[in-house]
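Here chain A shows up in two complexes: once beside chain B, once beside chain C.
Take a look at the complex of A and B:
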């Protein structure tokens, strides 16, 4: 019977509209759920979500040592040539030559925050920081060298 | 207690003491005109701010909160910005019609103010065909939209205007039929008589399910008639940039914008008058004590409270439902609303004849 189908159509339509209206009324009356951040005002107390990725940083401990072996796994993993690893050869106490990191060059202006370099790193030397105020007056300032001057690879990291 | 009708009577008698009747008439008309323009300005500011706040809260945002305390002066600042902007007329446009269209929109909105009873005994024009006047004048609105769309000499504007024409003409039918349900029940086209017939209960309570159905149809139809989402096909930002007012800028655009909000207010005022009793306080049958308490609330508060409740309802719809396609829009009217309201009007007539309402 088409008339029954018609009435059913009307009622199911009204019901689905009511479901939508209930949802928006809930949001309208629950101001605590507002997720907007009043950014420049709450700069000190700003809490970002865990998954937010701002830029790549290299972790240094208190002895100015990092865990980067200069293996270039991150450089190979990067889809748009953001990372450039410059290596040098250190002389170990045994008198052997050993490949080590000289400069970790990071182009923030090219980075898409895809996280692939972090995943590729075998020694967890780099991670994503939550900083986001990256504006600078000259684009050359966006090319960063991540290893601090005078830093060495931590002993025991291969 | 000081009411609007006391103030108007006082001004009237004061003017009559000073001037002769003709000049009293002229001055009163001027006062009424200034009041209407003032109400327009205030309504425009308040409704724009209200819309933005309601939209923000529904979308879990904060809304305007920088200009003035809690963002109260945001719409005022926007108005000042629109006032100082240049009102461009495109080269290929029909200059006269292009500049004339916004004023028609405003004129229609102003004319529609006439029959509305804002408070007890406070009305611009107490005419005996108020409902008919409302339905007749509100359909002139489409002329200003078509005029704006045609004169802009822009395909998007013309498409928006044509859609708006199809939409307003078809939704006028079900809006008219749902208004007719109340006319049948109260037996009068006079808005004041309709309000007085609701002294022992509003029609939405007295009229059972048929009146509730016609109320729902009325709300849907007037949302479509005022070109608001989910029926804002005339504007359709995502498809037609801004529809009929694509080419308008500055104050000419602001007039269209203002007319839209004034129309929302007016249709909600008419809806409140017909279904929710206008300025009539909430009365329950013969509970005299309760009714007396309700009478202490001024009638203007009742009227504006009900009207703003309906305005909130329409804003709530706007920020909940997605926009319909043009074929879905016409389907909704011709396949659903019109047959239902036709059947409904028969039901209401039967109810009125047999006296089944309270």
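Take a look at the complex of A and C:
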């Protein structure tokens, strides 16, 4: 019976549409179950995970001291040449020459947030920050010097 | 173009789909030969997003080259990284701790669910249904949150390193994954209600894009594309790696050979992934998450190959080593490339409107095809 089969198909088709529309209508009337991130408005309350990889920062303590020895382990670990370490020779109180960090140049525009530099650092001088809004007006602003001006290496870090 | 026009007959038209067409999911250019509404030939033109990843890897060390593979198949970035880590471990003959193995498999399966959910939403959108996309992203969001918490990134994780994983699991990981499983089981019936059972959807999928098992094998199709044609090709079953041989899960096979069969394979695969996660989540072994490896990894002279099952099919990494700390030659066998090559066979003789539906069921990720 072709006709009966045809009519059955029409009705089962209509039923399948009704089932789908019922689900749509359910969400239409239940606003609470729809999750939407109100992103730019919730900046104050937005809390990202501690491990979120936003950008590389260097840790400084209250005496403006960091733990970077200038060993270039991060520079070697980086796949994209994001990090460039410029060292200088400091004169220690004993009158000896000692290699120390001059500038920790970080190219944010080249960084892929792979975390290899953080893992490679023997003194935990750098870490990943949770910032993610990196847009700037000029590309040169993305090249950063991570050690603060006038900062020194913390005593005891080798 | 002149030569291609020379092979056509009266009434044939050449049209370009892409590279900026939203339905191609990226920069893929399809040169179609159509006669009226009927497709006579499909020629995929590649190269719009070629980044020479294989050549680039030759200058990167064995720790560094892994992150690049996240940029190939970005929806199963984790599984790509897994393959790279496995091939390096194979060369180094490192035994990795059992905790790392379980973490890797858990992450792989979460990635697979996330990838299939995005595919489901995107494919429904290809067919003109916009709402499923938001429903799919709701579940995918909770996976992304889990990834963000443990791996530190939502898409390109770079969490798997040679010797294990980069850091230990987040303390909340187990709870979050269990919450996700509860959410998933609560919501998965909506997928069937909204899309699978829909008569319009079924009429557009059933009998469309026929790919026989012989063709699937000869084109080198893998993953859900081949399993929709009844070809058993799950690497997790055939060549088990990590702890897959101790797990209880089914290889999904459909024999419909059409678009709907490929659709059903992916929908059912998500449930299998949930099954795998449920088996592992309560029994994560204690111990180290990373084996001790040297600071500079040097593979012995020789050739190494490892394949894994990504969300799209078989992903293989082939390394030729000369004994140094960088590979001499590296080759990635990506699933998308072979699956795309079968599109011509599928689409010939069908209507132009069905092409997008066929492409949707292939689950193409263009950076994976082009590398």
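By our rule, the second predicted complex is superposed on the first by the 121 of 158 C-alpha atoms of A that agree within 3 Å, B and C clash if a C-alpha of one lies under 4 Å from a C-alpha of the other, contacts with A are read in each partner's own complex, and residues count from 1 in each chain.
The rule is short, and it goes like this: a residue touches a chain if its C-beta (ideal position, glycine included) is under 8 Å from a C-beta of that chain, and two chains touch if they have at least 3 such contacts.
Nothing here was measured: the structure is a model prediction, and the numbers come from that model.
Novice: Under the stated touch criterion, name the partner, chain B or chain C, that contacts more residues in chain A.
Specialist: C
Novice: One more residue to check, A:24. First (chain B), second (chain C), both or neither?
Specialist: both
Novice: Figure out whether A:128 sits in contact with chain B (first) or chain C (second), or with both, or with neither.
Specialist: Only chain C; A:128 stays clear of chain B.
Novice: Which of the two partners, first being chain B and second being chain C, lies in contact with A:113: first, second, both, or neither?
Specialist: In the superposition, A:113 touches chain C alone.
Novice: Is A:57 touching the first partner chain B, the second partner chain C, both, or neither of them?
Specialist: Neither chain B nor chain C is touched by A:57.
Novice: Just which bits of chain A does chain B share with chain C as contact spots?
Specialist: In the superposed arrangement, which is not itself an observed complex, chain A uses residues 17, 20, 23-24, 35 for both chain B and chain C.
Novice: Under the touch definition given earlier, write down the residues of chain C that touch chain A in their complex.
Specialist: On the chain C side, the touching residues are 60, 63-65, 67-68, 131, 138, 141, 148-153, 156, 158, 161, 166-167, 170, 190, 193-195, 197-200, 202.
Novice: Would you tell me which residues of chain B are touching chain A in their complex?
Specialist: Listed in rising order, the residues are 54, 57-62, 316-317, 319-321, 336, 340.
Novice: For chain A, which residues count as touching chain C in their complex?
Specialist: Listed in rising order, the residues are 12-14, 16-17, 19-20, 22-24, 35, 48-49, 51-53, 77-79, 112-116, 119, 128.
Novice: Going by the contact rule at the top, pick out the chain A residues touching chain B in the complex.
Specialist: Residues of chain A touching chain B: 10, 17, 20-21, 23-25, 27-28, 31, 33-36, 38.
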